Amino acid sequence: MAGNSIGQYFKVTTFGESHGPAIGGIIDGVPPGLSLNAQDIQFDLNRRRPGTSRYTSPRSEPDIVEILSGVFNEKTTGTSIGLIIKNIDQRSQDYEEIKNLYRPGHADYTYEKKYGLRDYRGGGRSSARETAIRVAAGAIAKKYLYKINKINIRAYLKQIGHIHCDFKDWIYVNNNPFFCPNPEQITELDLFIRNLKKLGNSVGAKVTIIAENLPIGLGEPVFDRLDADLAHALMSINAVKGIEIGDGFSAITKLGSEYRDEITSQGFQSNHSGGILGGISTGQPIIMHIAIKPTSSIKIPGKTVTNHNQETQIITTGRHDPCIGIRIIPIAEAMVAIILMDHILRFRAQCGDRKII
Amino acid sequence: MAGNSIGQYFKVTTFGESHGPAIGGIIDGVPPGLSLNAQDIQFDLNRRRPGTSRYTSPRSEPDIVEILSGVFNEKTTGTSIGLIIKNIDQRSQDYEEIKNLYRPGHADYTYEKKYGLRDYRGGGRSSARETAIRVAAGAIAKKYLYKINKINIRAYLKQIGHIHCDFKDWIYVNNNPFFCPNPEQITELDLFIRNLKKLGNSVGAKVTIIAENLPIGLGEPVFDRLDADLAHALMSINAVKGIEIGDGFSAITKLGSEYRDEITSQGFQSNHSGGILGGISTGQPIIMHIAIKPTSSIKIPGKTVTNHNQETQIITTGRHDPCIGIRIIPIAEAMVAIILMDHILRFRAQCGDRKII
Amino acid sequence: MAGNSIGQYFKVTTFGESHGPAIGGIIDGVPPGLSLNAQDIQFDLNRRRPGTSRYTSPRSEPDIVEILSGVFNEKTTGTSIGLIIKNIDQRSQDYEEIKNLYRPGHADYTYEKKYGLRDYRGGGRSSARETAIRVAAGAIAKKYLYKINKINIRAYLKQIGHIHCDFKDWIYVNNNPFFCPNPEQITELDLFIRNLKKLGNSVGAKVTIIAENLPIGLGEPVFDRLDADLAHALMSINAVKGIEIGDGFSAITKLGSEYRDEITSQGFQSNHSGGILGGISTGQPIIMHIAIKPTSSIKIPGKTVTNHNQETQIITTGRHDPCIGIRIIPIAEAMVAIILMDHILRFRAQCGDRKII
Amino acid sequence: MAGNSIGQYFKVTTFGESHGPAIGGIIDGVPPGLSLNAQDIQFDLNRRRPGTSRYTSPRSEPDIVEILSGVFNEKTTGTSIGLIIKNIDQRSQDYEEIKNLYRPGHADYTYEKKYGLRDYRGGGRSSARETAIRVAAGAIAKKYLYKINKINIRAYLKQIGHIHCDFKDWIYVNNNPFFCPNPEQITELDLFIRNLKKLGNSVGAKVTIIAENLPIGLGEPVFDRLDADLAHALMSINAVKGIEIGDGFSAITKLGSEYRDEITSQGFQSNHSGGILGGISTGQPIIMHIAIKPTSSIKIPGKTVTNHNQETQIITTGRHDPCIGIRIIPIAEAMVAIILMDHILRFRAQCGDRKII
């Protein structure tokens, strides 16, 4: 299949470039009868959108979503939901100068080689602008998941450069522009990012995503395992370069006797596996970590070539985030929500005669 | 879709349980005219199969593959290829005692809760036995990939417990039972694994996979990115709990000025991105690392419950690997080959009028 | 998969209801580098849109399409193409009275039973209004197909009620509101339809679609045969109840000696098979016929029930076509174009190393 | 996707050639807990297999199916079901002489042009032998469909050449080698077919398929409508050239006032629509008719060319059916069962929270 869709039963298909007239998507497979209006979606869009703090890109996009179909009298009808978000604050002239050269770390080179031409304005389709529709689709999934089983999907900033954020409580996460779960670390983060901006540099980050109140049984052996589908969805986010489920890479040095999650009549005694066994949810929280590379667009000159392979230098002057990892938090939640929603529907398809979920 | 298929244009569908009469698969989408016979596939199957060294499970399976269709006069015909491998050395009686209880760290619990019943013999469908067919499918993909562009996919043991294997040369990898790329570390590995076996314990591992000689342009934005599809495929392997592309988690602490891969007229000056930008191959080697959890079946008693939630203890007496990570090497290569093959065909579908690949 | 997509490599996904703010779609898999602007699409949209003659529904929709993405400097970029058409002339008040009852022959009953609720305004998603986006997608496919091989897809009115249209020449088809290939029959058709309107009744029709200049080799055995995919696409059009390829139902009474298409060094001597053998195109014209039921919405009172199963009568007062068959002509062409486009890409995927198409 | 799969939630993938060692398939998505053994499948296989009467091909294949996975203690486990049927009575030497020429009406020409080579033995993959696995998959679907709602899918011979079979009762259908629903017509059919064989000729046929006891609500607007999916499945059967749902082509001459199915408190008053409105099942019987072309392999000499375009003649000497339409009856039932099964699972996926089916 062409690559702009994700999910099989709950299917999200998107379109749109950074500097085109609009971005949008079609959400297919939403069960009928869900209460839904644009406000339900706007909350997460606002968490993602740029221009809301000094720590993110100053591009000012209101990101107002319109629901064009699939909802009647504020209830989903079971038909495909069309969504659109108009682009407002394009500054395409910022990009004229990169028209003929490849920004290091960006998709300019690969898009042009693959397709033979590219929309160079703001990275075109490769821009993270496209993720706004993912967040909108995720918001619909989140609403449904919460309705049926109080399934809850939340993420927070776990690390930025060498600063580890110590988890205190979820209540702090949405109350600071870093999505940091510890209010005492805000000052340190503020200093760090401001200094990065001053240096015109950027840094990587780590984000933790946790899904709770899941039913047992989500995930289809052997290829469409829940962990495999989550890995696919998370790795499809721009700038993500690593994924862990549960203990992840720290499992390498663990012994079987430490790692396996023993079971008593009270349930599992630990959750090293991160809530998934054999590709199927155990009912425990699903715990995921992702590694995000530093933003490639920085003010420090870098070597590159033109599309005629002439050597040159580049200094990014467009509007960018010093740490794209911060803004990935609502996107990561959305991607997890999309996959869990898909698997709820898949569970019902095959095991629906038992009428569990 | 039901979950036993992977790939969309090069599609692999499998069946089979650990202790059933046979496992098998259907490989769909192989281009016509490829020279192919069972020996081409057997080489990788032999690398994966158990019972070949003291470091792996003693289950003795010859793993002889039969090609049932899709090949005529030793050439692929373009029709679906049916493969079958008979199970020979089942010892189902070993599993009678786990019939009513859940082995910690295994899929027993999740399969039974999801499906309402389970084939408990050797883990049934959740057994790594199923991966033999993946290796067979991967061998076909590897042969085609090598034919068209000398594309080469190789993996080696990067770490086991606290022992890091220092890469010396590929020539060593297939000459020792650990797939270790350094002949001087074999003794240390031998001692370590023998000791683990003596203790009845197991340990995690890390495997590195590298694909070389790739064309530029593989990967479909925005969801079916090459990295996302690779993450899906690798995470679908039993026991894999983490995935990195390029620098992976070490990108968290890197600055943009260090990380972005600068370009000169000679090409990229580094490969922190691991050969993928914007989800599309750059033509550089694709570098992946995976984390593998310790085998859950160990001889040390562990707490568990029966399917009536009665507490009990379990000691695994079946035949198992002290470090499943060792045997994952040919499987990981196969999964990468399947995805690359799929994307070669996808590239041709959309960009085929340019007749590049 | 959810049901609002068609095609696998060239994939069309649509949204929108008859009386919502807009209808739209996403076209995924278009090869890069195709010259495209909105005018290329508008021609076929104008052939489909209502309100253009006294023989079709008077709903007045300009059906102006906007391209929101996937095209840069009037060339396709290889990314997904977002299309939108605003609804202008909704008269939802016409539908208040059918809110609680089921129009015979319409999808009111089945949508409400399936989904538990329905958008009753103009039939909601079940309205033929949705087909405007199919026509838009088909126009893109047609342009590409013509570019690569002068592939040409045309349809005409073959029969309406008892009036058979005798094929004279393609040049007449687009010059009359019936898409009739014979200018001498226009008066008869005009009288017939006007009389039907006077009676408040409707009638069925037969449409012929012919695709020419096809390469040999389109179609994937054994399930995604070209004829099977065409049957799927044509039967997915509202009101289509029968499909024939080549001789179709007249093959029942033919002998093998009459039917098989003999071959000489000049090629096939006949085309009873309609251009497809074993599910694969022969290079001859593909000939299809479809049967279209009479419009269900008529002015003659009909028995029906309310959603509380109370018996009542219905007289349709909305704006409708006396013969929906007439308007299906551009839609049928579009569906055939979508399938052929998909199969061109599929051919390239599997057989692309031979670089034929 | 590659073309050897059908269904999305209940997915059937097949492999195998007419003269290879075996044919087989993988059935994915079967709900767990269904009682199943090989005998359940064998009944329909026996209805399809050749060599059982003088009216069909004398090739003698016992068509014994083996279940290789997915069933444990005679219950389905929810994992993929592997099926295999060994080929026994190949006579490949019969085909040596057609190695270099194209049989008119067969897929020899299109396979060779598409793939650049072909397995000429018995038509290879294009042979109807492949349909045995469809019948096996359909038998599993039928068993499940009957279990959940007594859904019943049956077909009969409606017409052969100019002989119309008048429906008397279903009980007669399986009691004669023609699947004729009227015992008084057997003599006429016997004479007709015997005469055809004597002449070395063949003839077309029409088959009627009826599905009963369906729930309301199967079918996914707008592309995966139930009628569209049925059309796809039926047209994917070798030799099928036409499809009708309900009144089919006779709707062309009907008026809206005759055709629309009026509703009273007792339900629908007629079934011109064939049990499907807006692509969704109404709960009435689904009625389908298919047209089958005459067998192309006949003893009367026919013109053809070699693969070097040399003109020649062909007389088929292999073992063939004088009317392939007869043997299509169990295959058509199977294809309908596969689609209905798929849509039951799809209904549950999207509407499963209402726990209706």
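Observations on the structure shown:
The chains carry the letters A, B, C and D, assigned in the order they are written, with residues numbered from 1 in each.
Going forward, a contact is a pair of C-beta atoms (placed from the backbone, for glycine too) under 8 Å apart; a residue touches a chain by one contact, two chains touch by 3 or more.
Only a predicted model underlies this, so the values are computations on that prediction, with no experimental measurement involved.
With chains reduced to the mean position of their C-alpha atoms, the one farthest from subunit A is D. Here A-C and B-C are compared, and the pair linked by more C-beta contacts is A-C.
Of all residue numbers seen at the subunit A-subunit B contact, over half occur in both copies; the interface is built from largely matching residues. Centre-to-centre separation of subunit B and subunit C, using mean CA positions: 45 Å. Averaged C-alpha coordinates give centres for subunit A and subunit B that are 26 Å from one another. Centres computed as Cα averages put subunit A at a distance of 38 Å from subunit C. Residues of subunit D found to touch two or more other chains are 1-5, 8-9, 14, 29, 32-33, 78-79, 111, 114-116, 125, 221, 346, 350-351.
The touching residues of subunit C, counted against subunit A in their complex, run 1-5, 8-11, 13-17, 20-26, 28-29, 32-33, 66, 68-70, 72, 75, 77-82, 84, 111, 114-119, 121, 124-125.
Taken in their complex, subunit A has these residues touching subunit D: 1, 8-9, 29-32, 78-79, 148, 221, 345-346, 348-355, 357. Across the complex, subunit C is touched by residues 1-6, 8, 14, 102, 104-107, 109-111, 113-116, 125-126, 130, 159-162, 201-206, 216-217, 219-225, 227-236, 238, 241-265, 269, 272-274, 277-283, 291-298, 300, 302-305, 309-311, 346-347, 350-351, 354 of subunit D.
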